[in-house]
Structure formats: C-alpha cells, structure tokens
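Got some structures for you, see below.
Paired with subunit B in one complex and with subunit C in the other, subunit A is shared by the two complexes that follow.
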Partner chain A sequence: MEKNRRDGSFYINPYLGGVLLGLVLFATYYITGRGLGASGAVKNTVVTTVDVIAPAHAEKSHYYSKFLNENSSPMNNWLVFEVLGVMAGAFLSGTLYGRLKLKNEHSPKIKPRTRLIAAVAGGLMFGIGSQLARGCTSGAALSGLAVLSASGMITMLGIFGSAYLFGWLFKKLWI
Partner chain B sequence: MKEELFVSGRAIPNIDPYLNIWHWQIPLYLFLGGLAAGIMFFAALFTIMGKENEMSTAVKKAPIIAPIALVLGLLALLLDLKHKLYFWQLYTTIRYQSPMSWGAWVLMAITPLSMIWVASYMKELIPGWKWKNSLLDSFEAFIIKYRLWMAWIIIVLSVILGIYTGILLSAFNARPLWNTSILGPLFLVSGMSTGAATILLMSKSHEERRTMSWIDLLLIVVELFFITHLIMGMKAGSQVQIDAAALFLGGEFTAVFWVFVIVLGLVFPAVLEVLERIGYHIPVIIPVILILLGGLMFRFIMVEAGQITRYLY
Partner chain C sequence: MTGPLIPMEMIPDAWNNVIAVLLGMAFGFVLEASGFSSSRKIMGTFFGYDFVVLRVFFTAAITSMSLIIYFDYMGWLDASMLYINPYYVTSAIIGGLVMGVGFALGGFCPGTSFCGIAIGKIDAMFFTAGLFLGIFIFSEMYPLIETMYNSKNLGGIKIYEMMGMGRNIFAFLLIVVAIAMFYIAGYVEKKVNKVEY
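Up next, the complex of A and B:
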C-alpha cells in the first residue's frame, strides 16, 4: 500500500496504536501512580461549571457535593491536565498524518446533521453510564484491566458486550 | 476592609499570612503592556531596517493592536487603584529610582506615539481614507517625513516598556520570587514573543510569516533559557528563594506553571512551528493562541505566586 502518508488517507496501524496506548498507560502508572481517565475530566468540568453558576444547588446535590472541596477547585485534578495533553497529542498526531481538517465523517446514507445528533446523544448516554459505572473505557476498563481488577473486567464486558448488541441496531449511522 | 477593627497583626484577609493586594488587573496589564511593546518593537525595527514593504504587517497593520492593548492595559491599571481619581499624581513627579515612575512616563510617551504611528499608515491601510482637516494632513506629512526618527524613539521606548513590565515586579525587594534581575529581560522576551506571534497571525505574506516564525522560535528558546536561569538562580539562593522556586517544583503552582506556561505556552507551540517549517500543514492560529495564552498565564502565575513568597515568617 503505497499511499501518500500525509494526505489523510493513512493512519497508524490500530494494533500498533493499541500497543502504544498500553505503553502510555504503563508509563502513566509509573510516573503518576495512577491510571488514565477521560470521563473524570468532563465530570470535573461539569461540577465546576455548576458550582460557579449555581453554588447552592451544587452544594445541596448529593452527586456534585462529593467532588467539591473548599480548598481546591475540582479543575485542579490530574485528569483535567491529562485531557489537555490528550488534545495536544491528538492535534500533533493529526498534523503528522495530514488529517487536520474540520469535517463530519458520516455514512452516505444519513445526513451530516443526523450524525451529529446521534454522536451527541451517544456521548451523553456514555457520560451518564460512565458515572453510574464509576468510570469510562479509559478509567475503568483500560486502567482497571491493566491492574487485573474484577471491576475493570466487568466494565470491559459491559461496554463491548452492549456495543456488539447496539452496534447492530445503529450500524447505519456509521457505514 | 475596616482597618479600625483589627485587633491583631495576624490572620488578616489579604494581608497576613499572605499579602495579596494585586489581582487580575496587574497581570492583565503586564501582558497587554508586553504585547504592545513587542508589536511596536518589531514595527520600529523593520522600519529602521528599511523593510516596510517586505514586513508590511509588522510595520503597518499589527501596530493597530498596540494602542488598543495599551489603553485596555491602562484601564486595568486604573481599576487597580484604590483612589482612581488620583492617578494624575504619578505625573507630578519624575523619580528615576522608581520603576512605577519610569512606567508611567514611558506609557505617557509610547501610547500617543503608537496612535500617531497607526494614524500615519491609515491612508495605506484603508484606501480612500481622508483626514477631514488640513492641519491633520500636514501633521501626517510631517510624521511620514520623520518616521525613521520616530522609529528610533519607539524602539527605545518599547524596550523600556517591555523590561519595565518585569522590573515593576523585581523592584519589590520584599518578595523573593520577584526580586531577581532576570525578570526584566524575561518579561521583555516574553512580551516580544507574544508580539511576534500576533504579527504572525495577522500576516498574509508567506515570506513575512517565515521571518516572524523564525523570530518567535528564537524568542521562545531564549525565554525557556531565562526561565531555567530564573529557577536555577532561586535554587542557588537563600532559603526564601529556594522556597519561592519550590512553588514551581512540587508546590502549589507546579501543575499550572508546567502545563500552561512551559508545555502548552512555549514547548508545544514551538514544536508546531518547527513542524510547520518542515512542511506540515498547521493552522497558524493554534500556535499563536497557545503562545498568547501561555504569556497571559505566565504573568498571572508570577503575580499570584510572587505575592505569597516573603522573607518574614
């Protein structure tokens, strides 16, 4: 496959990408003493936003109040900084493979708007689900499995098992 | 604050244990002042070098930002004053030992000069622009005739302005983090780097962008070098200075300083600019915004962190 590596049609081999991700996780455990996460950063951003706009509500709520602390902002958290790094890294990787374009990738069978609505709806549901499960693919499944935790195994089975089921139903949003 | 109600010299909000009387206005002003100094420096520099046409954005277009930044920055300084209506008293004296006096007078000179500079290029920037007064027309002709002289004055004033944004802090001998002579050059270089980045963003000429991104890269490297020396100097100092450096080396400002200033504000945009040079396609706005945000964060962190460092315990 002799393709121009910078025209955006080529990206890293997914198996190699997986190995690299594993090494990143390994290094993260070594350097920071804890695993990777993604939904936690979103959660902290939401908690901070609610706390700024409606502090009384945030304090009253059982969920938000858990993450609020008088001395330090929820934004002062490893996951928030990690996600900033993820964005910077994604930008760099997009640059190196010539994929730095603002575009909406969707199946030819659906409208771009449908794709956006479906993606936002899916993201919202995944966010709620990750809070019920106390972690997302990165925090619970990936980092959990790396230390062979049972909850990591269950999360992985839950996420990928339901993905197989619902993937079949919502396939046409993708291909 | 009701000073008459104090019963102890301890545990007073914003005074003890930490004197915290400078808020967002000061770092915002330091950023805008540095930005304006950087932009005016390059405008004057390329005029002196005779490159008005090759570097037309730096000389003609970008200076529009300078008076706006200066006016907003001065507004922030005014907001910081407790007795706002007494600001003019700064102009009843000239004290060469006082950085604030230097700053007040330099601003008094460079703000109108930057406006005149922009005005003298209005006809070139906006075709069909007319001054509705013959006096203004003859004044413009006078300025254009002596523009080179003006550039020499501006280049000196802009360097003083850029350094002064750092000296304003380093003159505080009671704050170990600030009380280092490298702060002046460091703030000057940082201000010039934000100025260069702004010109880079506004420029449409390929050649000019290349020159500005070279300059910006060089400035980033120098800035990193100065920051290294700032920390090394502190580490080699007395205990209060070591404590000041510790704020960035494991203390409460470690994460924000390293993430927002060093990585996202300096190293990452430098990497992007290098990648751009070797042929990768990168929207120029990304490194520029990162550099500007990094410069702003740097000043916020230095002002915040400096206020909690001290000699007396």
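Up next, the complex of A and C:
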C-alpha cells in the first residue's frame, strides 16, 4: 500500500477531501469573517503591475483605482498570501504522493500545442468572467454557497451549467 | 470565543497574513490530494468518467454551511458578520457563463491552476498566464462595461430569502439534493467508459 501511494496515482477519498475542504473553509470564515478565494490574488497582481508600469493610467482607471490606496501596496492583501499558501500546500501534497513532474496533460487526440492554446484561451475567459462575477469558483461559488449567498448560488449554476454545455463542444480536448 | 475572530478583535490584525498563508496551505493541500491538480481529472465531472469535482465541491459546501449554521445557533459565531458577496444580477449570471466557457476550454479554475503549477503542470502555467491576460483585458475594457457591471444590485441577499424560505429548511434541502447528486454520479460513473489519464 505504502509503495502504491507514492507513484502519483493515489488520491484521498473525495468525500474525505470534501469534509476537509469544508473544515478549512469554515475555519476561514470563523477566523477572518470571509471565505477563501483565488482570482482576487491574480487581480491584485495585475493591478500592482499596471500601477508600477503606468501609475497615471492606473489612478485614472475606474477599475484599478478601486484597489489602490496610498498607504499600502495591493500585494499586501489577504488573498495574495492565501494563494502563496495554496501553492506551498499543493507542493507538499504533490511531494508526499509522488506527483512532482513537468507534464502537459491533454487528450491523446490533440497536439500538445493545441492544449496550451486552449489553456491560455480558457484562462483568459475565466479571468474576464471572474471579474464580472466578483469572484471565481472559490471566492464566489464555494465560499458563497457556504453562507447561502444568492450571488454564489447563481454564479455556481452559471459556471457548472455553461461548462457542461461547452464541455461537449470542446470534448476533443479532453477525451 | 465568539467568531469571526479577527473582525471581533479576538486575534490581532497583525496575524491576518500569517493565518492567510496557513489556511491557504491547508486549502492547497486538500485540493491537490483530491486530484484537482489534474485538468483531465477535473474535466471528468463534465463527461461522467470521474465525478471528483462534484463530490468534493458539494461535500465541502454542505460541511461548511452546516458548521456555520450550528455555530451560529450555539452562539459561537455571529453569522450576520460574515461577508456576503453582493448580488449584481446581470454581471453574476454573465460572469458565471463566461467562466464556464473558460472551464471547458482550460480544464482548470484559478485555485486549481495554482495547484497544478505547484506540481509542474505546464497546461496550468499557460492557463494562469491566460488568467492574468483576461483580468488585464477586463480592466482595460472596464469603461465599456461599467454600467452593466454595476446594474441590478440586490446587495448581500441570501438564496433562501430570495426564494421566500427559512434558512434551515433550505439548508436541509441542499443537503438532500447533494446526496441525490452523489448517488446519481456513482450510477453514471459505472455506465460511462473509463478514460485513462
């Protein structure tokens, strides 16, 4: 058993994973009063980058300026630290279960390059969508469901419903 | 101690970022250990060959929801102090639909792509590059969509309020629906051909 667990094929039981994730999300609400997130950290990085390269442009923009203040950098943000933790935690799990490996995962029916182009396009759409919905699968959908927010429920239905529909359209990318 | 601890000033604000890293580590560990660092495992939910996303997502949602309701009932947590995302009807719906397209194309969501990067997934790195690009494009196009983005704000409304139901009844129904989905998922998985990945 111990030998099998380290070849990268072992995953914890999904219901156990769900309960553990639920406990982490609950602890986050109990301690900080807010949920978990992911896209917010990318947004703050984009805001910081634009502010460093073109400060006048960032201040003039109605969007960037929402997240800028004179006293502290947008990088000094809860979600930025949380996402650094996410990467460290995932790295630990990947080390423990033997999954550290450079790999481009895709259906055998497509070229590796096609997968990478689709990945960039997918990330781009997810980036735009997460700003519209004021959060992504973590911050809007999952954290929203935990507190039964209407916006979280609607965003969750939107993400999964649309992914089911478009999943079949892009089926060749996956199976 | 009555939560939420930091807003109640039970823990000094200086600990906030340390706590962020620790909670993030637990979040990332559970996601990776459940298989969310693999795009083809994630996409299994949409083709029926592996429902891990559905199982983990809804188990997590009903677990944390139940704990919040229980702690609130016992007086250990003031649930009214928890942050609720404001419901801007138009942009929440369009945003969700656009993210679904991104999911189907990219195979990750932002949180899972960070897990993928951490263990060396090249597709996750390209997805995250797209994420930066998308948020940049959105920000630059903001003047064009500002009106839509800010329209129809219903504030931090709850689902059960919108449906005119009690909180606990709704929570119970959500748990029943989740269990029904787990049952159906197990049935579908048996019918669908295995995909090797």
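FYI, the second predicted complex is superposed on the first by the 172 of 175 C-alpha atoms of A that agree within 3 Å, B and C clash if a C-alpha of one lies under 4 Å from a C-alpha of the other, contacts with A are read in each partner's own complex, and residues count from 1 in each chain.
Going forward, a contact is a pair of C-beta atoms (placed from the backbone, for glycine too) under 8 Å apart; a residue touches a chain by one contact, two chains touch by 3 or more.
What you are looking at is a predicted structure, and each value in this text was computed from that prediction instead of being measured.
Chemist: Based on the superposed arrangement, let me know which partner A:Ser93 touches: subunit B (first), subunit C (second), both, or neither?
Modeler: A:Ser93 contacts subunit C only, not subunit B.
Chemist: Looking at A:Phe81, would you say it contacts subunit B, subunit C, both, or neither? Reply first, second, both or neither.
Modeler: In the superposed model, A:Phe81 contacts both subunit B and subunit C.
Chemist: Which chain, subunit B or subunit C, ends up touching more residues of subunit A in the combined arrangement?
Modeler: Touching more of subunit A: C.
Chemist: Tell me which partner A:Ile159 touches in the superposition: subunit B (first), subunit C (second), both or neither.
Modeler: second
Chemist: Identify the overlap between the subunit B-contacting and the subunit C-contacting residues of subunit A.
Modeler: In the superposed arrangement, which is not itself an observed complex, subunit A uses residues 76, 81, 84-85, 88, 91-92, 96, 100 for both subunit B and subunit C.
Chemist: Using the touch definition from the top, list the residues of subunit A that touch subunit C in their complex.
Modeler: Within the complex, subunit A contacts subunit C at residues 11-12, 14-15, 17-39, 42-43, 45-47, 50, 61-64, 76, 78-79, 81-94, 96-97, 99-107, 115-116, 118-171, 173-175.
Chemist: Which residues of subunit C touch subunit A once you look at their complex with the stated criterion?
Modeler: Those residues of subunit C that touch subunit A are 3-7, 11, 16-17, 19-35, 37-41, 43, 46-47, 49, 51-52, 55-65, 67-68, 71, 77, 79, 81-89, 91-124, 126-140, 142-143, 145-146, 149, 154, 156-162, 167, 170-171, 174, 182, 195, 197.
Chemist: In their shared complex, at which residues does subunit B touch subunit A?
Modeler: Within the complex, subunit B touches subunit A at residues 255, 259, 263-264, 268, 271-272, 275, 280-283, 286.
Chemist: Inside the complex, what are the residues of subunit A that reach subunit B?
Modeler: So the residues of subunit A in touch with subunit B come to 6, 76, 81, 84-85, 88, 91-92, 95-96, 98, 100.
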